[in-house]
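Mind looking over this structure? Questions follow.
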């Protein structure tokens, strides 16, 4: 059926063990997975696009995920996916609140471009409580985030936020 | 039982096909429907109250909705509805997240003024994924919004956002 | 706009204060409200259709709801509503779980017959926890149901279930 | 990466346009899709396993889905999927209530056999309100189910239920 | 403030690691916890009340939970809790669907007897997917339930269901 | 079992009848309850920490809640609770949207410090629609908030917002 390319988009500010769990699962199913950092200027991310890509690249290297490509985009997701020749968009679903917003976006994307399908994957249950927002909140108080993000990202978080881990 | 007046409130920044679907359904049930633009300064709307009213008026004219009146308000919704002699407030319900906030507001309004009832209506399933927020997001990238808002509103969106439709 | 007839359907096995709250609210908005008992043989109701209608009629009399008619039906709801010349079906919404099933049914009914609109109303918050199922469960243990159903229905419940109120 | 086999399991009593929508989408993504009828004796299905498979086979033929295989199973889903060499289980997600049960099952299946991933897909929004249960309920009253199931299945439903379409 | 007694009610058909997780957490907070098996004849449980109590007692012994008492009840929960001098009813919350039913019951119980408070606790995230129903379903196919219930309960399940573990 | 200390954290900007309902219920169950104002600079609260504490203290005095202590914190909640020797964190649950965020935070806190348990309590159903946000919104229009907050808080709200009650 030809090579199946999947795009896994997100803000990844920063990438967490929950995102990495989905990424690894997707990489086992599809021929190629492009993890794509949304620039998202309006959200005022903590890390720059370059920093976010760098951290992801480090994680991908460490895990030896040879069919994963790291990229960024600053357009409509569906346009980006089309340009990349993707047939699938992968999204992680943790909670009901995710569910509704994700469904609206997926229906919208299907309307704009029907040939790309959105597939939802479930992170391991030990990661259901992780979100980049919670990671940043805990790190901002110097809290221990070692079960949420890889060690080198924890360090970059403390440095960026100007706090010391307690 | 006398003339039944319904108020259909919202920010309408801008009005979408989803809102228009609810408006037309309400206009078939009640003697008079007042579609009322909430000024909502804090939300920082893209279009001014006047612009939002103008766009709605154009849609109402095009559809020949003779028992619909376009207005705006800058007070508590329930006070406004009372002033207008309304017996009903109409709200569209698309999703669970709508549901909870809407119920809190409706219970609150009933507490403040028990004689006005909130009725919930369901948009056509083809509009469940539309929201003004998503329309603006897509338009800001020059995406095609022709299945979400009337053509003249799409044009005003691109102009306002300073983008060209691709 | 002509006389507006609303149908308020349900199993009403038996009618509760929650149902009566919705019924009274609907009777203030529409010219005529038909409260329609679904025969629902498959559900194995505790009370017969005749008993359920009788109890509702008694409640309607007590409350002096002059524009309410009590009826029953054993067909598709939407067919029944059409036969009765209704333009509206009224449903109470208490909870998320209600919400989803109700929406499916309402979309289905709209597909079958687009001219009848389903409107959702919210019971008073003091009745959000009432359901006929919970009433029967409590009554089956002789529990006090006086804040859930009118006194004469409580008595009929205990009699039917062969228990004594404690 | 080798041939990717997906299992799409369900009771399919009977198969609806909603199921067929998911099936066609899955068939575009995976090399081979096995649609697998769960015997489900406890649920007391209306149609026998053989009848359910027959109806699906007819639909698959009509649509020319050459990479779809129709089968049935009477064991644990995950055991069945393993036997078939599947790497993916496909499930349709329509509503919140689906979501929770599906997640529990998917987590359970992952616990039992971690190498098979569950992927969730979204049916077209026009099918969100369809379920086999609603189809059977409407058909049992002779209601029109032509927008829910293919014509030959509608006929088999009326015949099985001993009703005439009105 | 006197001795605080909590009742932890359920059908426990059979008790799972999820229930035991809640039980142990409650036993650390309250002076005494009564785990109370609801007879629940209507649900047609797999194990008799005596068997369910026996299995719980064995688990309580194994874990050395010295402030836990095992009992059963066949009345309204709130009446039972009152008789036992409890000030608290403990319930585990796993999912949204739990949430709504649990809230209805808790509000109802508060109405019937305001002095007993219902407290909700969260099981460990590794147990969110467990329910007695899923355990029985997997066991009925001879599936491996060793991460869901203690070994001696797994054996009793297979024996009761007349299957062999594969 | 030693003295049981519970922490009831929140922004309390300002405290409402809903919060007070939970506080009183918690004070009947635990030996000591510390109601702890989160500084929450990022949220840009209307009232300063000192003002929020003052208003709570006044309410606690009025109600004669002798085992309640008022405090504030500007660290991770779980660190604060540990410092205070608490074994329990109390949270009110009103709605599904609360539920998910609360569960994420509670799982996170358990990960960081497993010896402190989060317990969820249900406010009286008459307070399910109250939130500090809605109170501030209504007050900003001079609306009547007398069923939402104590009279002296209503006055402080109008003063702070520079509006007159209508």
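We just call them A, B, C, D, E and F in the order they show up, numbering each chain from 1.
Here is the rule we go by: a contact is a pair of C-beta atoms (placed from the backbone, for glycine too) under 8 Å apart; a residue touches a chain by one contact, two chains touch by 3 or more.
Please read these numbers as outputs of a predicted model, since none were measured by experiment.
Colleague: Where centres are the averaged C-alpha coordinates, which chain has the largest centre distance to subunit F?
Modeller: Looking at centroid distances, D is the chain farthest away.
Colleague: Name the chain pair with more contacting C-beta pairs, choosing from C-F and C-D.
Modeller: Greater number of contacting C-beta pairs: C-D.
Colleague: Same residues or different residues where subunit A meets subunit E? The copies count as same if more than half of the interface numbers are shared.
Modeller: same
Colleague: Rounded to the nearest 5 degrees, what is the angle of the rotation that puts subunit D onto subunit E, matching CA atoms?
Modeller: So the angle, rounded to a multiple of 5, is 120 degrees.
Colleague: For subunit B and subunit F, what's the span in angstrom between their mean Cα positions?
Modeller: Distance between chain centres: 34 Å.
Colleague: Just curious, how far off is subunit F from subunit E if you go by their C-alpha centres, in Å?
Modeller: 31
Colleague: With chain centres defined as C-alpha means, what is the inter-centre distance between subunit D and subunit F in Å?
Modeller: Computed value for the inter-centroid distance: 48 Å.
Colleague: Spell out, as numbers or ranges, the residues of subunit B touching 2 or more other chains.
Modeller: Within subunit B, residues 96-97, 103, 107, 125, 128-129 contact more than one other chain.
Colleague: Classify the inter-chain contact topology: is it line, ring, star, complete, or other?
Modeller: Contact pattern: none of line, ring, star or complete.
Colleague: Along subunit F, where are the residues that touch subunit E in the complex?
Modeller: 1, 4, 25, 28-31, 87-88, 93, 96, 99, 103, 106-107, 110, 117-122, 124-125
Colleague: Contact residues on subunit C for subunit D in the complex?
Modeller: It comes out as residues 75-76, 78-79, 96-97, 100, 103-105, 107-108, 111-112.
Colleague: Can you check the complex and tell me which residues of subunit F touch subunit B?
Modeller: 95-97, 128-129, 131, 134, 138, 141, 143-144, 147, 166
Colleague: Inside the complex, what are the residues of subunit D that reach subunit B?
Modeller: Interface residues on subunit D, with respect to subunit B: 96, 125-126, 128-129.
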